Amino acid sequence: MKFEIASELAYEIHSPTTLLINIHALRSPGQTIIEETFNIEPYIRIEELTSIHYENRFIRLEVEEGTNLNISYKAIVDASHKIIDQRELEAVPVVALDGNVIPFLFPSRYCQSDKLSTLAYKEFGHISNVYEKVLAIVDWIYENVDYVSGSTNSQTSAYDTITERTGVCRDFAHLGIALCRALTIPARYFTGYSYKLNPPDFHACFEAYIGGQWLIFDATRLAPLNGLVKIANGRDAADASIASIFGRYTSNGITVSCRALDDNFVPFTHENAYHKAIAVNAI
Amino acid sequence: MKFEIASELAYEIHSPTTLLINIHALRSPGQTIIEETFNIEPYIRIEELTSIHYENRFIRLEVEEGTNLNISYKAIVDASHKIIDQRELEAVPVVALDGNVIPFLFPSRYCQSDKLSTLAYKEFGHISNVYEKVLAIVDWIYENVDYVSGSTNSQTSAYDTITERTGVCRDFAHLGIALCRALTIPARYFTGYSYKLNPPDFHACFEAYIGGQWLIFDATRLAPLNGLVKIANGRDAADASIASIFGRYTSNGITVSCRALDDNFVPFTHENAYHKAIAVNAI
Amino acid sequence: MKFEIASELAYEIHSPTTLLINIHALRSPGQTIIEETFNIEPYIRIEELTSIHYENRFIRLEVEEGTNLNISYKAIVDASHKIIDQRELEAVPVVALDGNVIPFLFPSRYCQSDKLSTLAYKEFGHISNVYEKVLAIVDWIYENVDYVSGSTNSQTSAYDTITERTGVCRDFAHLGIALCRALTIPARYFTGYSYKLNPPDFHACFEAYIGGQWLIFDATRLAPLNGLVKIANGRDAADASIASIFGRYTSNGITVSCRALDDNFVPFTHENAYHKAIAVNAI
Amino acid sequence: MKFEIASELAYEIHSPTTLLINIHALRSPGQTIIEETFNIEPYIRIEELTSIHYENRFIRLEVEEGTNLNISYKAIVDASHKIIDQRELEAVPVVALDGNVIPFLFPSRYCQSDKLSTLAYKEFGHISNVYEKVLAIVDWIYENVDYVSGSTNSQTSAYDTITERTGVCRDFAHLGIALCRALTIPARYFTGYSYKLNPPDFHACFEAYIGGQWLIFDATRLAPLNGLVKIANGRDAADASIASIFGRYTSNGITVSCRALDDNFVPFTHENAYHKAIAVNAI
């Protein structure tokens, strides 16, 4: 499925500032970038960083005090999604996990799985099938946490959300990840562009490692799971911020869009796809 | 400097259990393993995992219920340490940081630097030299936090320690890392064997990235900085646990030793080495 | 119902120390003290304090460094309990609450009801009858929180317990209070002697203000509700500690007992008393 | 000194709602109300509550859905202040404290003194004079916490502020109280009208019990200490909210004023009054 994605970030820069911008679609076997343009106004030399730690494409730029910075990105991306019969999926025991998956078992800044293990076992421990366990987690979050724009901030973590019961997509994702890890299911943060998200914005959800692959889950139910274009994965939002800014600045707004270029888009959600799991950007 | 290190871990295993054991000395340009032996009783097939994420050597093993497990490791290691005149050291701005260092700017499970930035700027922001800034952080921790065995647990984080003012080496390290990152100084967790640590145990401290290299700091002042043999680095203890155990078990004790094999050991500490910084396992 | 209660506290005192001891049975219209003795060894002048703030009888004593202090209390108490048909009980709206009940609507040190309101409304908001709402709260706590001796400490609060899901009687009481207050139901902490508590100890539970009276609830289900002899009420454990000690000391143990002096004790619990509520020390 | 104080609160009421309003000047031996008017528009019957728990005058009113409520208060108050030579002040040991003062030694919702004792002893334990100890606390808060309007909310507590280092008058007061109690100095919350506060608003600060009287301290340094008219005392803001509202509503703004009616007002602050302490509303 082809998507045309675009985003624009505007900042007023009040001191010499370095920005790490993470808005490019990821290049991966399951996601082909057909064309892309990245523009900075005024013109500033940029640098693309690739980390061995996580899947992402950071752009780094250095900006002078007094700059009115405008960053825009546009791309046409062919994002594959793989539909799997969930009845064939089994948990991968720790002993069989690939070494690169193991870090996603451990707690991270916003996903304090070590503090949630008793709760997770009490709520979800009785479900034997791993895929159904993760589905039960996302259903629980959907039913018990209110999606309220502006209710949380960049310091809010899963430990807060489990009690405060309000949040935005980022908080829903962190809570899902923390509960999975508390049950020894590897889970990682996902940021991306999302088709049919309303209002349009960057989106966050999470992937759980089941049956040897990363499957996508979204406890917000705000968008179809096959309408996602991946920007980055990470342990949590600390690894995959849209923008990390070292300096003083004012944000002048963000615009995001994601359009399907094919006519035959059939939305896939956990609600309409009984027994079916989905891996994004997978082949 | 050559060290003979050894450790022994004993567990009673009450359910089918997978263990990730992280007690091997790291292989690195600055640390040569002259000989090492690793034994499991009863005999169980083990597997060595190398992660692209962090510097460490995890051993994974799967153990049956009812096992009385004994894990022992012994090695002779030649650990180099590089002494640097701190007056030549300068902060590396974010724009010049290597991509693999950048993740160590971000908050992690036990090092919530995002919550400590106002405090860090108020306490240490006035110090212009980056090395002296980190030294001021470790001096502050030494003076303001009591080292009390058993006062904290595996959930204790820098955010707790900054207020509770008690902890063990792990907590001292986490607080140092969090304060550095809050000031945009990359910092990472360090675990290792430590010569002259009393009582003998695994040790934790931290490294800060200054002048293009990772320098070692230890706010506990419990051991000389040139008596360290590195096991692992990570963002914090979540990445570098001595043992991550998936299953039910009882611990039957840990013994650790670290002996210098050369006669000419001259202890290096920040207190006795004015103007001198030190990088462990560096050449 | 007559009970013979007794308790003994022993301390080694390492500095000049003031103790506030709160182990006397409360005098109230519903609880008559038939006889009581209070002994301190070595002999020290004591003083009984009555607070206008809360219902309790604090004993204050000042002890010299080096004292081996032994405090013992023994009493025969006639404790009335009033059984009420819960179908007649209605919520008292804030506008009709007595001024002295209103403080028990507000959050306190260990009962952060202000942080739990969304959660409380989501879990219990749909239950219209106020008595059934509180019963649902204590059932939820009983089912979702594990009673584990030694799992918590004097700093543990309802905000911790709602997530950590382990605790002792004090924590069960704090969580019950916090959830009631979050739903605008006045609730207060209760400490006392408890018949058939095993192992014998001081007990804590809570009272909710329903239908114009304080009814007793105990989410631990560890003892019959008509076997309670009241020591004190307060907003939470900060108001009703067994002992508040200002100085350095070592505790040498606590022994507590509570014996029914009548033969016809019929245990009352929420499980065996359908449609029945109970007010302790009430007439 | 005579002050003319006034305040006005406006609310849109969206459901049947009960309000507890705490804006009346307190009647006390040291504070005489010469005249006062209290108006509600539209006219609603009100009730004045006096609590035995705390010093305050709550007004309770019940309002129908759809009301545009306007509450206004105006008074002329003669507020005495007593200036004391601090060199004559001594700490009152726990053994000599009045029973009604003792509750102000214990932790409360927003003043978790039990979590701050190590920190408090490390920072202030070396100061032997109790008055100077409290002055050191307020100086420390003034120097280490930034006053930032809107930086905190109704859930923010002293435990947050000690680390986050930003807050408003309420947070400065809570932190002062918590640090005093951690050092066994009774301390209570104070709300009132404040002359020369800019911008005009209700003000919060705290009182510490020293030398047998409640002395006033204000770590914000925003207003003279002899320009305060007391509304209420309490353990913390949970006891002394300006408005506690049970129902759904929108706030349409608050206006507050405080004018000195005498010409000879000489501002008293800790900075300009060396060796002098002050008790507000005292004779």
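Going by the order they are written in, the chains are A, B, C and D; count residues from 1 in each one.
FYI, a contact is a pair of C-beta atoms (placed from the backbone, for glycine too) under 8 Å apart; a residue touches a chain by one contact, two chains touch by 3 or more.
Composition by chain, UniProt nomenclature: A, B, C, D = Transglutaminase family protein.
Everything numeric here is computed off the predicted structure, so don't read it as measured data.
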| item | value |
| --- | --- |
| Chain copies touching (subunit A, subunit C) - same or different residues, decided at half shared | same |
| Chain pair equivalent in interface to C-D, over half of contacts matched, among B-D, A-B or A-C | A-B |
| Approximate Å spacing (C-alpha centroids) for the pair subunit B, subunit C | 45 |
| CA centroid of subunit A to CA centroid of subunit C, Å | 47 |
| Centre-of-Cα separation between subunit B and subunit A, whole angstrom | 30 |
| Junction residues of subunit B, two or more chains touched | 115 |
| Sites on subunit B touched by subunit D in the complex | 115-116, 118-119, 122, 144, 146, 159, 162-166 |
| Subunit A residues touching subunit B - in the complex, by the definition given at the top | 18, 20, 49-54, 58, 60, 62, 93-95, 99-100, 102-103, 105-109, 112, 114-115, 154-155, 184, 238-239, 244, 246 |
